[in-house]
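Please go over the structures that come below.
Two complexes follow with chain A in common, the first pairing it with chain B and the second with chain C.
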Partner chain A sequence: MKVDAKTIREFSNIIITLVPEARVDFKPEGLFSKVMDPAHVAMIALEINKEAFQEYVLDGEENLGMDIDKMRNVLKLSGPNDIIDIKFDGKKISFKLGNLNVSTPLIDPSSLTTPKIPTIELPNKIVTDISYLSTGIKAAEGIAEVVTFNIRAEELKIYSKGETDSETTELTIPKSMAKEFIYTSDARSSFALDYLSKFIRSLESSQEISISVGNDFPLRMEANILNGKGRVTFLLAPRIESI
Partner chain B sequence: MINLDFDKIPASLCVSCKGTKMLCGKSSCPILAKFYSSSKLKLDVNHIEGSSPPSVFVGSYGYPKVRIGPSLPPVSGNTEIYERPDLWVRMSIDSIAGMRLSMYRGYKLLSINEASSPGNYLSEVHDLILSSKPVDAEIIYAYGEKRIDLSPETQPFGPGGYLKKFEHEGSSSDSTLERFYYDGDISANDAVLNLYGNTSLYSIEKMLSAGMLGKQKGRRIVPTRWSITAVDKIVSDSLIKEIRYFPYLDKIEYFHFSNIGNDYYISIIPGPYSFEMMENWNNGSIWTGNRGNIIESDYEDFKRRELNPSIGGSFFAAKLPILDHMKKRNIQGQIIVSRFIGNDYTLPLGVWQVRENVRAAMNKAEGIENIDQYFSIINLRKGIDLRPFSKTYQIIKNQRRLTDYGV
Partner chain C sequence: MDAPWVEKYRPNRLDQLRRGTSVDIIRAWARKWEGGVPEKRGLLIYGPPGTGKTSAAIALANEMGWDYIEFNASDIRSRSSINDTALRGSLYSTISEFSGRKKLIVLDEVDSLYERNIDGGDMGGKSAISNLLDKTMNPVILIANNIYDLKSGTTGKSIAEKCEQVEFQRYRSIQILNILKEICKNENIFCSHEKLSQIAENSNGDMRAAINDLQGYGDFTAPQERDITQNIYNIISSIIYRKDTFINLRNDIINLGEDPNNFILYLLENIYSFNSNVEDYVKALETIARADLFLGRVGRRMNYSLWGYATDLMASTVFFNLKGEKYLKFGFPSLIKKMSQLKKFRAVREDFAYRTGRYTHKSTAFMNKETLSFIYQIMNRNKEIRDNLERILGLDFDEISSLYL
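Presenting the complex of A and B:
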């Protein structure tokens, strides 16, 4: 199959935020992967439609154990618009970039566990420009390890507190700035910032993101990637602040 | 076992002070004084001949005018091991103390700025430090009076006195050390990072202390105890910057190592980098005497780095070997170190002991179920539940898992 380097790079950048190795399922309609971090705090489900590929030829269905870390080293050798020709047999996956050929071993996919996505009902949802969210997260990164999402009838607030009470960050996204705003009840949950920052940073091609928040409950984010030719879902377990 | 005759001083004061801050208001530490009086050191010497490993000592008293000078045992030959704490892991506390307390010191009083353009004496000291092997040398004292300096960060040194004369044989220089000594354009920070892994950590400490690294105009003499922590910190800070982008360790690991009255229980837990160290001074240990046991702890994460830990330099000394270990394995995690100091740790030997023993602990990882098991191992063996003292534990317990929601 053939795909441009930046598509496969975004795929690997997203997966690597949680794990260095992943099981990737190649199905007739496209590629799917579900991963959970070793601490079981965060999960990512990622799909890329076959339309995102220049050429997508598949013999039935293939489940591959891929070393994402090694794959990223290969991608470093390519420019964003280079076309990469990917082939795999049972043991290895090969990448052809122009006249360069690199192959890396595959991992036994049965040694990689695929998490089940929990069915989490969340009462509130907001769809907004991803740049608002990333500004709020970046601001918090400067002072804290934990960030809190607080949704009320008219707004979503994303805030953090530093070592002292006078050191705080707060980003407000009012209902008027949201593309979609579904509110059922006031809710507040806090999250380890490290997971959020890495995930948000890995989304290079998304414009909008949907954020679902509950009360001391997991967070769900969903975004289209690659001009709608792919989709990512992110789940993050909360941190219960004992204050 | 110490029998303290100053029961009115609370043990917690001694544990925070460790003989350095004179928090009890006395002019010298009564606990340390007791050790020196029992060490039978020969003080009435007017000259010492021997092979310097090489070694230098810089006191902190009187800063920014400090005592700096060479140190050597009255032994000729290959004395390298006297300055190589990384080779002491299997030695007894008495043989380490005996060896180190025989390191007589001679010094002169210099301003710390002298390192930016060293005069004759300081150049002689630098020449000694650069030597690739032990150097035959002689210290001739100016007066009979000798000082004892001991700090919990520094490996012990013997008695010191003002120099009348210091002489040493010529010796070939270590080319790695020489390269950074003669590079007056590289910052001290970068010089330390470049040297780390290419020479003994203890040589880097000596060079930094004697004011041999950094941009020429900015070079300063640094008291030995500060230079030790400075090197640990410079290297650790650089490692943390790399490690925070590494994947999380895939499952919780447990490490244990026990040596010369120090017992280390370490765990690395999958998650973003953090480091916590708890020190438990047993009832009967050097700083507590029979005044009960004391627990102190410090915690840092990537954002909020601990710069002035209550447990002192051992915080930085324990962190470095674990970061080295993580770098080698390309992982990051949440680190907990629990150190128990027993009654048989009779003399503070310096933070090298923490660094080298923690490094030794890293050689063998064992899998455990979860963080509660880590604390129950400690509880079983030490009879104390450290969970209420551990910030890492609180954070992990507050962090929910997706598996809690039926994954």
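Presenting the complex of A and C:
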């Protein structure tokens, strides 16, 4: 199959935020992958439609164990608009980049765990421009390890606190700035900043992001990637507050 | 191939472990976690291999509806890797679908963490674990074979103090026998009672070893014996009588599970045969000597990959014609035999070297190796010096002369 280097790079950037190796399912309608980090804090479900590929030829269905780290090394050799020709047989996957041909071994997919994405009902949802969110997350990066999402009737607040009370960041996204704002009840949950910033940074082609928040409950973010030819769901477990 | 039986028959519930009252301690600790964060956030399970420590952790997670995350010593070697995975995971609830929303964090082989050689850190693996036990919001189980290794050092002691402790002792062979019988019944295979009891006895209380052995036997009508000297004998006789190929013999030596340092002694002892081709015999000895060089290097440099070369060289003696006309009995290495006979004399030498060393401010090893024969000669020739030495060192010359029979 043939695909833009840019597309496959975005795919690998998203997966690598959680794991260096992943099981990737190639189905007739496109490519799917679900991963969970080793500490069981975050999950990503990613799908890329076959329309994102220049050529998508598949014999039935294939489950591949891919070494994402190694794949990224290959991608480093390509420019963003290069077309990569990908082929796989049972043991290896090869990338053809112009005159260059690189193969890397596949991993036995049964040795990689695929998580079951939990069904989580969240009372509040906000859809907003990803750049707002990203500013709030980046501001917190310097000073804290934890960031708190707090939703109220009129706004979503994303704030963090440093080691002293005077060191704080707070981003407010009012209802007016949101494309969609569904509010049922006040809710607040805290999350590991590291996961959030890595994930947000990996989303190069997204404009909008939907954020669902509950009270001391997992966070769910969903975004379209690759001009709507793909979709990513990100789940993050909340910090357990001391009782 | 079938899934390993040790996994297939791993207990799902704590009761199936047959661990008696230890299970109550584990359950009581887990119940405290249901009501908040208990004073002792960790549980330390220790005991010899194959006594159900990991199984207990898995079964507990099952019973409580907790997520299960396991890290073993190779994942958690350094502070930063513990902080990045286990510690971070411990502060957040699980993202997997579990009713309890808690995750059980299991750190396996915590006794094999070393505090030294941790790059650029002021705090090693053990202190990271201790820190984890202070902060975790999820239950943590530590698993160790040897509690004394874990407790060595102040950090180790503080880790142990932060944990409830449960000891798992070796299974009795009757318990193992019962499990083996159940497995046979389940797998619909027949294995004689004698054979099963033998496996149970040999396992020395290690359930995993016993179950693996049972699965490994495969052919239940003619079970193989696990007898190391027998195998050494077979391999060496194949070398001398050239009954097998080099590659097979080499693999046999590797699979033997015997220290090559012992194997080389057996080999050296038994290639000795009269009437054989002298040239070949010399070449074989040279090959063995070269193998011994590699073994020596392993000893000095702790680079165990060199064992491979030693093994290759030892196996390659099959290329020489060493077969004698007369059948020779398989011999136990004379070096080991003589060493044990000389034990008494060595003790006397050590004692002498220690005393003279104290007197001359030299180490026992130096005196033993370098000076003993000179002192002996001097004492033998000069009565005055001999009397003085005997007096000062409180030794009897007759005792010393026994060293030079």
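Here are a few things to note about the model shown:
Simple rule for what comes next: the second predicted complex is superposed on the first by the 241 of 243 C-alpha atoms of A that agree within 3 Å, B and C clash if a C-alpha of one lies under 4 Å from a C-alpha of the other, contacts with A are read in each partner's own complex, and residues count from 1 in each chain.
We adopt the following convention: a residue touches a chain if its C-beta (ideal position, glycine included) is under 8 Å from a C-beta of that chain, and two chains touch if they have at least 3 such contacts.
Just so it is clear, the structure is predicted and the values come from calculations on it, not from any experiment.
Superposition of the two structures on chain A leads chain B and chain C into a clash.
Look at A:118: by the touch rule set out above, it reaches both chain B and chain C. When the two structures are aligned on the shared chain, A:40 is found in touch with chain B and with chain C.
Number of chain A residues touched is higher for B, counting chain B against chain C.
Contact with both chain B and chain C is seen for A:192 once the two complexes are overlaid on the shared chain. In the superposed model, A:235 lies in contact with both chain B and chain C. Applying the stated contact rule after C-alpha superposition, one finds that A:20 touches chain B and leaves chain C untouched.
Shared-chain residue A:144: touches chain B; no touch with chain C.
After overlaying the two complexes on the shared chain, residue contacts for A:163 are found with chain B alone; chain C is out of touch. Of the two partner chains placed around the shared chain by superposition, neither chain B nor chain C is touched by A:91. None of the stretches 25-33, 97-105 or 367-375 of chain C clash with chain B in the superposition except 97-105. Chain A uses residues 36, 38-43, 115-116, 118-119, 192, 194, 218, 235, 237-240, 242 to touch chain B in one structure and chain C in the other. Chain contact summary for the complex, chain C toward chain A: residues 36-37, 67, 69, 75, 85-86, 88-89, 91-97, 103, 137-138. Of all residues in chain A, only 16, 19-20, 36-43, 69, 115-120, 141, 143-145, 163, 192, 194-195, 217-218, 235, 237-242 touch chain B in the complex they form.
Those residues of chain B lying in contact with chain A across their complex are 247-251, 269-272, 301-304, 394-395, 398-407. The touching residues of chain A, counted against chain C in their complex, run 36, 38-43, 115-116, 118-119, 191-192, 194, 218, 235-240, 242-243.
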